[in-house]
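Shared between the two complexes below is chain A, which pairs with chain B and chain C, respectively.
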Partner chain A sequence: MKKIKKQGSNICFLIIVILLALVPIMYQYELIEASSTVLFIGKCMAFAIVAIGLDLIWGYTGILSLGHGLYFALGGYAMAMYLKLQRTGGGITDFMHIGGLKELPLVWKPFLSLPVSIFLILFVPGILAGVIGYFIFKNRVKGVYFSIISQALTWAAYSIFIALSPYTNGNVGITDIQSVFGSIKGSMNFGNLQILFYSALILLILVYAGAKFLTGRKFGKLLIAIRDGENRTYFSGYQVSRYKTFIYVLSAILAGIAGAIFVNFNGSITPNQMTIAYSITMVIWVAVGGRGTIIGAVIGAFLINMCEYKLSSGGLVEVWQYLIGAIFCITIIFFKGGIIGIVRDHLFASGRRKKAERRELRQNS
Partner chain B sequence: MVQLINTLFNGLSLSSIVLLTSLGLAITFGLMRVINMAHGEFVMIGAYTTYVVQNVFSGFLPESIQWIFYFAAIPIAFGITFLFGSILEKLVISRLYGREMDSLLATWGISLILQQAARSIFGTQGVNVTAPSFLQGGLKIGGCTFSYNRIFIIFLVLLCLIGMYFVIYRSGFGKKMRAVMQNRPMAQCMGIDSRKVDNITFAIGSGLAGIAGCSVALLGSIDSTIGQSYIVNSFMAVVLGGVGKLAGTVLGSGIIGFSSIFTENYTSSTIAKALVLLIVIIFLQKRPQGLFVIKSRSLDE
Partner chain C sequence: MKENVLEIKNISVCFDGFYALTDVTANVKRNSIHFFLGPNGAGKTTLLDIICAKTKPTKGNVLYYPKEDKEMRLTGMKEYKIVQAGVGRKFQVPSVFVNLTVEENMILSLKGHKGIFDSIFRKPTKEEIDSIHEVLEKVGLLEDINTRAGALAHGKKQWLEIAMQIVQKLEIIMLDEPAAGMGKPETFRTGEILKQIKKDCTIIVIEHDMDFVKQIADKVTVLHEGKVLMEGDINTVLADKTVQSVYLGRGGES
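The block that comes next holds the complex of A and B.
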């Protein structure tokens, strides 16, 4: 029992991984009918990765970013630009043609090669987050001020992105692309889908393990210390702003990776992923799953998206909007720990209470 | 010369719109430290209220005195958003005092619900309010044209500002309000019902958003996302001005409004707005507290 409690989150993650690994096999034996469901679950893995990143900065460090959609979209666009050039064979795309460009613009040139593209998927969100984080955290902008500034930044980036439509195709985004491993639509391309799905799963496992590793040691304790008492951590001699910048950059890179995976499954990317609303949706996943636990972020991302997928495919889109608003509100007000918090406090509470009573007895005697 | 005057007038007009939407925030965020993400949706409620009032009035009023609807719409919009604000404070905000980030997120949930409600009731298509007849057209002086509805909004803002000044600094309630915001335990010891003060303060802030909604309705079509397009600028105006000072918000809105219009001369209007926001963010690195700082020696301010 003790072991289950201690390893509970890892066991939980293991179950999720096994279930995910079974998805392509189930599709093969037609237990899952629509290929769109498989693609959707693939996207959920991307969402889980960005949720882990968000949890690292919000749940652990107490930095509430309302602009992670920006990094997600940057990673996604970097991937999409490479994939689009694969489709056109390195020539200019249709929207550039309409935008009046005669040849491939300089910004698009690096995306002709895959290694450079992958490097940029990590580098662009990372460097942007680094610059923003360095200045903001050095000047000790914190709490809600950071949230408001991140929101304004995202909005500004979104407007500029749409305005530069010959380069980015404005509102429409980059569409009609295949995955890195070739087309994944149709039954004859099932092999490609399988490779893509398992690569994404491996990435998810790596990110989870990495996050667990980081938070399980002194560094993780320090992040929590920053969240609970930033000034005290300063006075204890830690360069808080450096730690904050580091974790913020890391989280932005994770968002970039997630965006890249998302594009592969989705087959398109739009500036919609860059909006404030989308960024806060990511926060909802983490909040409902349980902030401050890595597994909570993963569960939240899967659960909320699955529910949305099930409900929105019917005529229940309206209901879903009301429901998600209400769920979010109630979670924030009454269940700060999200689903994980409920499980921890109610399922395992009796044991802990007993232990506390025993300790009290010992102290009294 | 003509162009300069036009630019200045446009700047003044944009500033007044930003100011009108941020006045409510200056109270809920500035005084109460509650980040109300549903503020934009209160603006939306105000705008839709104007639309509904227009339709109701056009049912039984003759054509010639139709314009009365607008003067009825302003107090009605204030009343309705005041009520909404009061309910929201009772149900949600009052449970989250001292948890700023959580209040931000919870009100976002509310804003999702309100947006969907607007879509369910009024549809996804935008609706239009016809400006009352006396606000159509513009005042011509020399080569410049000043459109009446923009002049009207500027006066409306002035009226709201004066009203706010009297409520906050000259009335008995304002005294209680400032007392609670400055030193809650001490105010409670003096027998002030701080819960009631919180509730009414928040409701007034929301009511101002409703009035902003009335003026926004004059400027374009109304849909469920109308609030979102104003909220970012408003938050930045409040932060730039310095949280907790009415004068700061006025200055902040002015800076954002005028600089957006001036930048617009060189580039498109969306890029101009984005650039101004970036510049404001860079400026905030120099003075994270904003322009007007309330001096405090406390560490966690």
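The block that comes next holds the complex of A and C.
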């Protein structure tokens, strides 16, 4: 029993991984009919990765970022630019042509090469978060002020991406692209889909393991310490602002990776992924799953998105937005620990009661 | 090695025209227990805030003479650097990390290795864990080592925070009302613990409990309305008429 409690989250993650690994096989044997479902589950893996990043910074460190869509989209755009150039064979795209550009703009040139693109997927969100984080945390901006700033920056980036239409294709975004492994549409390309799906799964496992490792070390305890008593942490001799910047950069990089995976499954990226609403949705995944637990973020990301997928394809499209809002409010007000919190409290309650009884006995004797 | 470990020189603090401290000068001797007394609003906590750089003084200096290093000017240093240099502080309200266990609280407080890289890859050595156990035994928290700090009783939280200062191997430990909310026996025990650790460090205390002061004080500085009223050992201070009238007379404790 004790072991299950201790390893509960890892066992839970293992089950999720096994289920995910079965998805392409189930599709092969036509237990899953639509290929779009497989693609959607692929996207969910990307969402789980960004949720883990968000959980590290919000659930553990107590910094509520309402702008992680920005980093997600930056990673996504970097990937999409590479993929687009693969389609055009390195030539200029239609929207550049319409925008009056004669040759490939300088910012697009690095995306001709895959290794450089992968580097930029990590580097661009990382360096932006590093600069923002450095100044914000050094000046000890915290709480809702940080949240507001993160929102404003996301909004600004969104506007810029729409305004720079010859470079980014504005509202429409970068569309009509294939995955890194080639086309994943149709049964003849099933092999490609399989490779893509399992690559994403491996990345998810690595990110989960990495996050688990970090939170298990003193570093993780320190994040909790910063959340619960920032001042005390400073007066224990830690340069808190540096830790905050570090974890902010890390979570931005995770968001970038997630965005890149998302593009491969989605086949396009639009400024929509950069909106504030989208960023807040990510926060809801973490809140509902259970913040402060890595597995909670993963479960939340899968659960909410699966529900949305199931419901919004039916007649509940309009109701869904209200429903998710209501779920979020209920979670925040009544179940601070989210789904994981509910499970944990009920599993642990009996054990804790026994302990208290034992202590009483000891005191009486 | 200088006899004084800390020299507070002509400190003034002005908050929007109100002087919380005016020209305060005091010296703290090495390996002593030094009390700052005074009625509410006398500026005791502000003084500690200045030493640990939580508040910037309008005027004046705080000089610190570490055992194995040259003198340092604490005013203008960053708070975490001051802690790393060996001057730490316990706050008035117990501020332990409530969601971590007692042991984790102690591990975070260990001396040195405060960088990100060490936090991720370095594990506490056996000596460090042993020293944690030793300190916890001293303050009587060893059996609570795996308890969440938030679940401890108030007095135990106070002890935990004191223990967190001890394990940091500081040269100066500042305690803001360490006995607040403790019963008589607990307060006495806190005093005995402080007496034990003073051979390794200097202790600066703010406290109202006169029995506690009498039990352990080596030297007392009385503050009143932001100024030093008088300084000396506890008996001289208690015998002084002005001190009695501004402070002690009111409480009727002596």
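Here is the rule we go by: the second predicted complex is superposed on the first by the 361 of 365 C-alpha atoms of A that agree within 3 Å, B and C clash if a C-alpha of one lies under 4 Å from a C-alpha of the other, contacts with A are read in each partner's own complex, and residues count from 1 in each chain.
FYI, a residue touches a chain if its C-beta (ideal position, glycine included) is under 8 Å from a C-beta of that chain, and two chains touch if they have at least 3 such contacts.
Because the structure is a prediction, the values reported are computed rather than measured.
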{"item": "Contacts of A:Y243 with chain B and chain C, given as first, second, both or neither", "value": "second"}
{"item": "Partner touching more residues of chain A, whether chain B or chain C", "value": "B"}
{"item": "Touched partner set for A:S159, first chain B, second chain C, both or neither", "value": "first"}
{"item": "Partner chain(s) touched by A:L54 [first = chain B, second = chain C, both, neither]", "value": "neither"}
{"item": "Touching partner for A:L222 - first (chain B), second (chain C), both, neither", "value": "second"}
{"item": "Which superposed partner A:N231 touches (first chain B, second chain C, both, neither)", "value": "both"}
{"item": "First (chain B), second (chain C), both or neither touched by A:L254", "value": "neither"}
{"item": "Chain B versus chain C as contact partner of A:R140, first or second or both or neither", "value": "first"}
{"item": "Chain A residues contacted in one complex by chain B, in the other by chain C", "value": "231"}
{"item": "In the complex with chain A, residue positions of chain C that touch it", "value": "52, 78-80, 83-84, 88-89, 91, 95-100, 104, 107-109, 114, 116, 118-124, 164, 168"}
{"item": "Chain B contact footprint on chain A (complex, rising order)", "value": "62, 64, 135-136, 139-141, 143-145, 147-149, 151-153, 155-157, 159-160, 162-163, 231, 276-277, 280, 283, 287, 318, 321-322, 324-329, 332-333, 336"}
{"item": "Complex contacts: residues of chain B adjacent to chain A", "value": "35, 92, 95-96, 100-102, 104-106, 108-113, 115-117, 119-120, 228, 232, 235-236, 239, 268, 270-271, 273-275, 277-278, 280-281, 284-285, 288, 299-300"}
{"item": "Chain C contact footprint on chain A (complex, rising order)", "value": "214, 217-219, 221-222, 224-225, 227-229, 231-240, 242-243, 246"}
